[in-house]
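A, B and C are the chain letters, set down in written order, and residue numbers restart from 1 in every chain.
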Amino acid sequence: CTQLTAQRQLDSTIKSTNPIIPIHKQNLLKNIDVIANMQWSLNNYFQDGKYQQSKFENDQFRLEIRGKITDRVSFRFRDRYTKVTEPGSLDNLSRSTDIASITINLAKKWDLTMGKMCADWGGYEFDANPIDIYEYNDIVEYSDNFLTGAMISYTANQQHQFTFQLMNSRTQTFEEIYDSIPGVTPSKFPVAANINWRGTMAGGKFQTIWSYSQFLEAQNRTMYYIALGNQLKLNKFLFQYDFKWSNEQLDRKGIVGSFVPKSILPYAPQNTRYVEHWLHVNFQPQKKLNFFIIGMVSNAYWYGNPDPNKDNHLRTAWGVIPGVEYFPFKDLDNLKFFCTYVGRFYKYSDYAKRTFGDVDTNTGRVSIGFICPLLIL
Amino acid sequence: CTQLTAQRQLDSTIKSTNPIIPIHKQNLLKNIDVIANMQWSLNNYFQDGKYQQSKFENDQFRLEIRGKITDRVSFRFRDRYTKVTEPGSLDNLSRSTDIASITINLAKKWDLTMGKMCADWGGYEFDANPIDIYEYNDIVEYSDNFLTGAMISYTANQQHQFTFQLMNSRTQTFEEIYDSIPGVTPSKFPVAANINWRGTMAGGKFQTIWSYSQFLEAQNRTMYYIALGNQLKLNKFLFQYDFKWSNEQLDRKGIVGSFVPKSILPYAPQNTRYVEHWLHVNFQPQKKLNFFIIGMVSNAYWYGNPDPNKDNHLRTAWGVIPGVEYFPFKDLDNLKFFCTYVGRFYKYSDYAKRTFGDVDTNTGRVSIGFICPLLIL
Amino acid sequence: CTQLTAQRQLDSTIKSTNPIIPIHKQNLLKNIDVIANMQWSLNNYFQDGKYQQSKFENDQFRLEIRGKITDRVSFRFRDRYTKVTEPGSLDNLSRSTDIASITINLAKKWDLTMGKMCADWGGYEFDANPIDIYEYNDIVEYSDNFLTGAMISYTANQQHQFTFQLMNSRTQTFEEIYDSIPGVTPSKFPVAANINWRGTMAGGKFQTIWSYSQFLEAQNRTMYYIALGNQLKLNKFLFQYDFKWSNEQLDRKGIVGSFVPKSILPYAPQNTRYVEHWLHVNFQPQKKLNFFIIGMVSNAYWYGNPDPNKDNHLRTAWGVIPGVEYFPFKDLDNLKFFCTYVGRFYKYSDYAKRTFGDVDTNTGRVSIGFICPLLIL
């Protein structure tokens, strides 16, 4: 009777009854995981070789709830505590919420996911748990990675899976991202389509995550994105290599836009391109120890520059991330301490320097901290 | 000893000890539900018959935790991820938090609820889980529905329950809602009182949720609200009819205020009235299928208009929502897919058109998506 | 296979498998607590003896998850729903998140905590669960109490524990707190160090929480803080006495800064000091009833005032909080109803009145409500 009185806007279809922890609840408790995804560190920052500052930072804190609700329905929710929480102007969900989706098993091999979800872009860099990334290369860093829509998955067999997504192409309105651009009309349905192949070959030694995407950014303005992720496992070595290519009829990343002074071009540039390589090598001589090095490069081009003397290539951004990870616990083998250096080197073309006044620069970060996806329930 | 070290601001009255899942915890696990209330859809918008735009939207995402703590104490918490989170300036709780309350069983038939809660207004439209509503009529849409205060419930028997609430009349200060109005002084205790009767008659075939409320908005400025909800179940048919009447000495809804140009009246109007009818018919020919149609109308009046040639009646807003719902799962029978049309038609009186320049308009929305109050733990 | 399809950015190191509630999960369920920390009341406010206003308020709502993950790792998370959620500009975590940390048992008697945590300042006032505090004295009220960093604990024995913390000295940047101050350069590593002793003597009758801290606020500008908390238990009586002393080379609390008109000093004052006494007496004649009175005083000094005729002592703020608490439930013995008066009396020195135009004032609050750290899972 307390129950009856207390509740309004109750959904009468949900009830929990009977003996101590009924079977239904036991199944949920077994199948649902609650995870605190954490990355914490003491970060020491450098600019052009000069020490700038140090601070303790909660680099990542993402609370996650996921699992199977019934044999055919599963759920995933992930929310950040390191991001502003106002709802996206296009998709209506808090910008801090990465994922809020359900997945329905339609038939043998076929699944349907609906809600806000990871855009299923290929590449091992993006597919990793974000807490395992010390710094993203430019494309992933400046993308809207969590989009609202639907996904169909076809799992051909244990070796090959294919997904197809249809989503909003962004979380915010055209006006919020681009303001206005002469001659460009916002699209009535800013939609993104993505196909993805995950393959496992050679008994798991070689794996791939390849994808192709198209984003309608405005009427007659599309973004084309290819990501080819490849992984090779050899004994104590793990190699991951991603190739990424983003052709943007409107400069969605805003990187080229940031090179050009507002006095020369007061709105977002058109016809930009970003081409990236990302290589990650792990050497794990024993269970408790991992050495890694990441090398990455991002090239930025502006083909839409009206200047007849232009050089399309404006900038090359290099990145190098060597480090070591230590896993102290056998019974919690995903908790690791790390020590890493993140170096970024930004080199502009002579044309960009001369015409736009851009200046080469580099940044560094020495970090020591811990990472864990902590299963708390 | 880890425990001892780790914790500060610990409440020493809470401890979990002993064998694997102690009885106390088992009881909690049995009695507490964690629910993800979701509505997601692809929405296609029309304005005055013309297609405007399409987008995927997370229409609703409200996380809920509720249940019995002990035999005499229960708890309810519900928080939206589709709303700004800054604390209410009057009640101090995040505006995204609908409910944060405890209910204490005082005696047989008597319960006391304290905290932020649903205002216990009558009417089946408001009493439904919000995820089951495709569009609210004007009164509910523009009300502060979740208020802080206390509620006494008296459950006479299985057929009749009465509640009495005393709450803040809003979540924000007078100044934030009304700015300032000449001749109107904010109240020192902006309080709302509400009485509600929930009745069940004819063996459950006929049910009611009737309520009467008074809101003190400012000194000598009260809002009176009557809502009479009635429900009839006949085999495969369900009929719900709500009558709502809101008499506002200060225009709390702001609807009439939005009709009048600021150049004619620079602050909130006084003595407005809203009168509404809402009819909902369900026809469920079989367990997995439901057809529904909702018809609604909202009339807006301004009795406080100083114009001697006034017409009190300024606008009639019509709404029609036909649709179909499909329940694919036997073991998750509250998950449904839906396809619906939401049409709204706004017709102004000749006086409003002539004097205030208001123009008739209509909007449409075609939506396809899913709804579920997903029990996740 | 639903699982496989649904998830991206999965951490493959987390899986839940096998029979209904596997042992690992049972251990988590046993050891992890989910707590809703609530304080709710009807507050009636007075200013200089004159009634101002009444309102229901959710004074406190902090959701907490904490417990042991494995024998050597524990976790704590606490988040407020009564505070803005934007991430701290220095520590990157939501300002509403008090605590997000893990504790690792390094060795017998030694533990290491990392993340955002309670600054381990001494004093019983700060060490209490915030829901048990009706009003803080000035130092705790105006401090950044939840900071990011690391803590080492040494538990000598059941009677004595020592902790050492190294943390950011704030959650926000220098510029956000102080704007700019002529002659003051922000520190490159704004760090705080804290040592704390918790002692238990005389068979638990006498206990202490003493601490000493240093905060680097800017280059050559340090804050020194001493807090000495002492507790005596005698039958039905509990006495707690805190002495607090904060010497601030930059006025971190901003209290002295608020006394001085911007026209006299347009930026934060230097060399301020706050000295406080806090006495709390509980008399619990029976299990269900507690009478308490808190007396507190806070003295504010400005030694850095350039005026040759200055009086260093600018203000004395008195506080008195008498009240009664009633515990209705045997099986939920931390849920209490309370009725309390909070009186604050602010008396300025003649110098402050004459030179800065400060005026004596007092405020009152009569509150009735409930408090509970509700174990919900």
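Throughout what follows, a residue touches a chain if its C-beta (ideal position, glycine included) is under 8 Å from a C-beta of that chain, and two chains touch if they have at least 3 such contacts.
Since we're looking at a predicted model, the values are computed, not measured.
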item: Proportion of interface numbers common to chain A and chain B (over half same, under half different); value: different
item: Magnitude of the superposing rotation for chain B and chain C (Cα, nearest 5°); value: 120
item: Centre distance in Å when chain A and chain B are each reduced to the mean of their C-alpha atoms; value: 36
item: Set of chain A residues in contact with two or more other chains; value: 21, 29, 32, 67, 72-73, 85, 104, 377
item: Contact footprint of chain A on chain C as seen in their complex; value: 1-11, 13-14, 16, 18-22, 25, 28-29, 32, 65, 67, 69-73, 75, 77, 79, 85-87, 90-94, 97, 100, 102, 104, 114-116, 148-150, 167-168, 188-191, 377
item: Contact set on chain A toward chain C in their complex; value: 21, 23, 26-27, 29-33, 35-38, 40, 42, 51-59, 61, 63, 66-68, 72-74, 76, 81-85, 96, 98, 101, 103-105, 109, 111, 113, 117-118, 120, 126-132, 153, 155, 161, 163, 328-329, 331-335, 369-370, 372-377
